[in-house]
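Handing you this structure, nothing more for now.
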Amino acid sequence: MNAEKPQATHQEQDELQFERIVFFSDAVFAIAITLLVIEIKVPEMGHHLASHSASVEELYQQWPGEFVKLFPKIFGFILSFLVIGQYWINHHRNFGIIRRFDRGLLWRNLLFLMCIAFIPFTTAFYSEYTYWSIPLMWYSANIALTGLMQWWVWKYASRNARLIDPSTNPHLIDQISLGHLGVPVAFSLSFIGGLLGYPFSISFTWVVIPLMIRFAHWRYERRIASQPV
Amino acid sequence: MNAEKPQATHQEQDELQFERIVFFSDAVFAIAITLLVIEIKVPEMGHHLASHSASVEELYQQWPGEFVKLFPKIFGFILSFLVIGQYWINHHRNFGIIRRFDRGLLWRNLLFLMCIAFIPFTTAFYSEYTYWSIPLMWYSANIALTGLMQWWVWKYASRNARLIDPSTNPHLIDQISLGHLGVPVAFSLSFIGGLLGYPFSISFTWVVIPLMIRFAHWRYERRIASQPV
Amino acid sequence: MNAEKPQATHQEQDELQFERIVFFSDAVFAIAITLLVIEIKVPEMGHHLASHSASVEELYQQWPGEFVKLFPKIFGFILSFLVIGQYWINHHRNFGIIRRFDRGLLWRNLLFLMCIAFIPFTTAFYSEYTYWSIPLMWYSANIALTGLMQWWVWKYASRNARLIDPSTNPHLIDQISLGHLGVPVAFSLSFIGGLLGYPFSISFTWVVIPLMIRFAHWRYERRIASQPV
Amino acid sequence: MNAEKPQATHQEQDELQFERIVFFSDAVFAIAITLLVIEIKVPEMGHHLASHSASVEELYQQWPGEFVKLFPKIFGFILSFLVIGQYWINHHRNFGIIRRFDRGLLWRNLLFLMCIAFIPFTTAFYSEYTYWSIPLMWYSANIALTGLMQWWVWKYASRNARLIDPSTNPHLIDQISLGHLGVPVAFSLSFIGGLLGYPFSISFTWVVIPLMIRFAHWRYERRIASQPV
């Protein structure tokens, strides 16, 4: 609005353009992570009985079966929430280092978000058929692929300091690259477990994820200790 | 983009990083609070009758039963909306005092948001079976746990001024900590009511919530009067 | 992070606090406006026939009935989208004049957003039973109430320049107050039409809404002409 | 809050007003793009069989049919995700050039977003009946219309530099206008294909979209080479 300071306006606009990328990504993350709950349906406990024409004892007999079906869905919700949360935290850290964007970053980030947006479906699929191989394989493949996409986005941005702050510690760049492979490795193992007919291999990730979180935290603490943020 | 002023860029980036946390949280809040309405299904009033092959009198006879089923769902929507709204206002105030973040805050905030994202399910569950004990207990436990998580996030951030403005009035910090326990206490009572077989104990929260809002407002007014914002 | 410039930090934080209110509101608006489409279900055209075991002629015979059911839903989607869009544009303008917030504004804004979040349900209800009185009355009441809430938020903020820029033209404040009553009046008329058993009274709003938009545009243009933005 | 610097406050407020438009648009984009996955339902593989009362062989026999039905939905999800992603990238670029807003831009942008919000429905409709003409025509018309709306928003903003930076290269403005017509042209062809009874014409867009992305990328690269960003 002021022709005398076009530079300032340009710079503000550039900042807004960069912010849009992270806020759009955040919105997709937030929707995907919240849609997970939509797939947990309210158990139907004999609607025709709900008018109290049946005895309460009869209704309670239906509960154990409903409960058994609710719990894998709740566990699926928690697992996917933690995984998407981990990816969001990675994204948050990466875009704290990335300083610029180009069309290549936009499309790679969109493909990464496409994988994130697909997780509510594979979570629901897996949670519905917990003990089956194929839903587990789809779920594991979805999550592993998402992690690989994130690694790809980071590689694209950090190679030769294409889009990141050139003063970034190269050791930190490598450490981040490596860290991206944690979740994909865990879920590749559960994918192989599904392939071999051991659907319970998913439980492995339940051990790996907390260990990874603890390890990532410890690594972060150590990193903090050695260099100020 | 300008090597001469990396400090400014770093500071801007830090602000963006902090903003992302609150905007991501806001998005999860907004989605959870809006998804509540999805669980209110349009009553099916004999679709096969909708082609006017039945008399209007016949159709209106179905209405009272449908209405009785709609109202607990609308009340559940309003109650959960107010509770999530209260948590959002708390979050809004807390992150007005919190100045910095670390990985510990990110994960605690994510776990809090996981509880928020779960509320649409427990609301739908409770609203479908309003007079039953177990759905009420799940719903109450979900809301009480959410409040405790928020208290935990605040304790983490405020202990020894870890992440907050060091000049914050210690009296204010204590007051906020205490205020977080209001909703959890109200819903713990309704949880106990459900456990003892008095599902109507939820109505207690309908009395407590407005009182709490009024009390919180009064406390806030008094606080405003004694120190400028 | 810098004790020497706490004022600047406070001011930045205040801005962030204000931004959170509008971005949270925007997120609720955006979700409500997008959820409208969820209620338009894909017509089921004999799934058992989809395997081409039936002749194409037989399938096409099912179409006209399906189409008749789709169109009121699409019209409901468009009407509600325009109404929520109008409310968003009002909100956008109002919060361009509002400069400060207090707890009273937060809660009144939340109650307004509760009405917005409820619109997808009443839209779906009305669209499913287009020619019935009671769904129309709920839908009209929901939209009219939403407009009255927005008027209330504005009255609260603007009375005695409580939260707005004190230099705001009083004529503009009055004009905005009046403008808020346009949509509620149109839908109160359709509510009364429903009450009297004329469900087609909704079509009145289809005439009123474009006129209102045109009038609001014309008023805005005139306002623009008399004072610079 | 400080009467001595109303100008600064006005400018900040103007920036916030502009940001709200892009963030609201981003939220609608993000929700529409993520809701696409909701329409992919978990295949029901004989729930009554899930209690392992049937032999595993019997269950696996149901899989091929379920798979055939899942794949068009997944392809629909990916196609619509890429299309909405393309529209978001266009929107992102356009609002990097647009500097001001007026009520005309707000309403045109809202109508564009209405088309975006409708895509999850037409995607689900098309994905459910992949080999039929009418769903394909609706889907193609929806996407083509969305692109034309975006072109219209851009024309409105750029004509006589109404709302854009007046120093914008006129060649760039023309190039952007032309680029907006790419997706609409591709989907107009698939619309005509549907009209003529060749539903597979949609596959044409699968060839056109990647070519377009590559062409847009190449054009962007060339543009980058000739002028710094």
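Residue numbering begins at 1 within each chain, and the chains themselves are lettered A, B, C and D in the order written.
Following the convention adopted for this analysis, a contact is a pair of C-beta atoms (placed from the backbone, for glycine too) under 8 Å apart; a residue touches a chain by one contact, two chains touch by 3 or more.
Note that this is a predicted model, so its numbers are computed, not measured.
**Student:** Chain B and chain C are the same sequence; what rotation (0 to 180°, nearest 5) superposes their CA atoms?
**Tutor:** About 90 degrees, rounded to the nearest 5.
**Student:** If you list every residue number at the chain A and chain B contact, are more than half found on both copies (same) or fewer than half (different)?
**Tutor:** different
**Student:** Just give me the whole-number Å value for how far the CA centre of chain A lies from that of chain D.
**Tutor:** Each chain reduced to its C-alpha mean, chain A and chain D end up 23 Å apart.
**Student:** Which residues belonging to chain A are in contact with no fewer than two other chains?
**Tutor:** 23, 27, 31, 35, 38
**Student:** Touching residues of chain C toward chain D in the complex: what are they?
**Tutor:** 15, 18-19, 22-23, 26-27, 29-31, 33-38, 40, 42-43, 45, 50, 63, 77-78, 81-82, 85, 88-89, 92, 95-96, 99-100, 165-167, 213, 216-217, 220, 224
**Student:** Tell me, which parts of chain D touch chain C in their complex?
**Tutor:** For this pair, the touching residues of chain D are 1, 3, 6, 9, 12-14, 16-17, 20-21, 23-24, 27-28, 31-32, 35, 38-39, 102-104, 106-107, 110, 113-114, 117-118, 120-121, 124-125, 128-129, 134.
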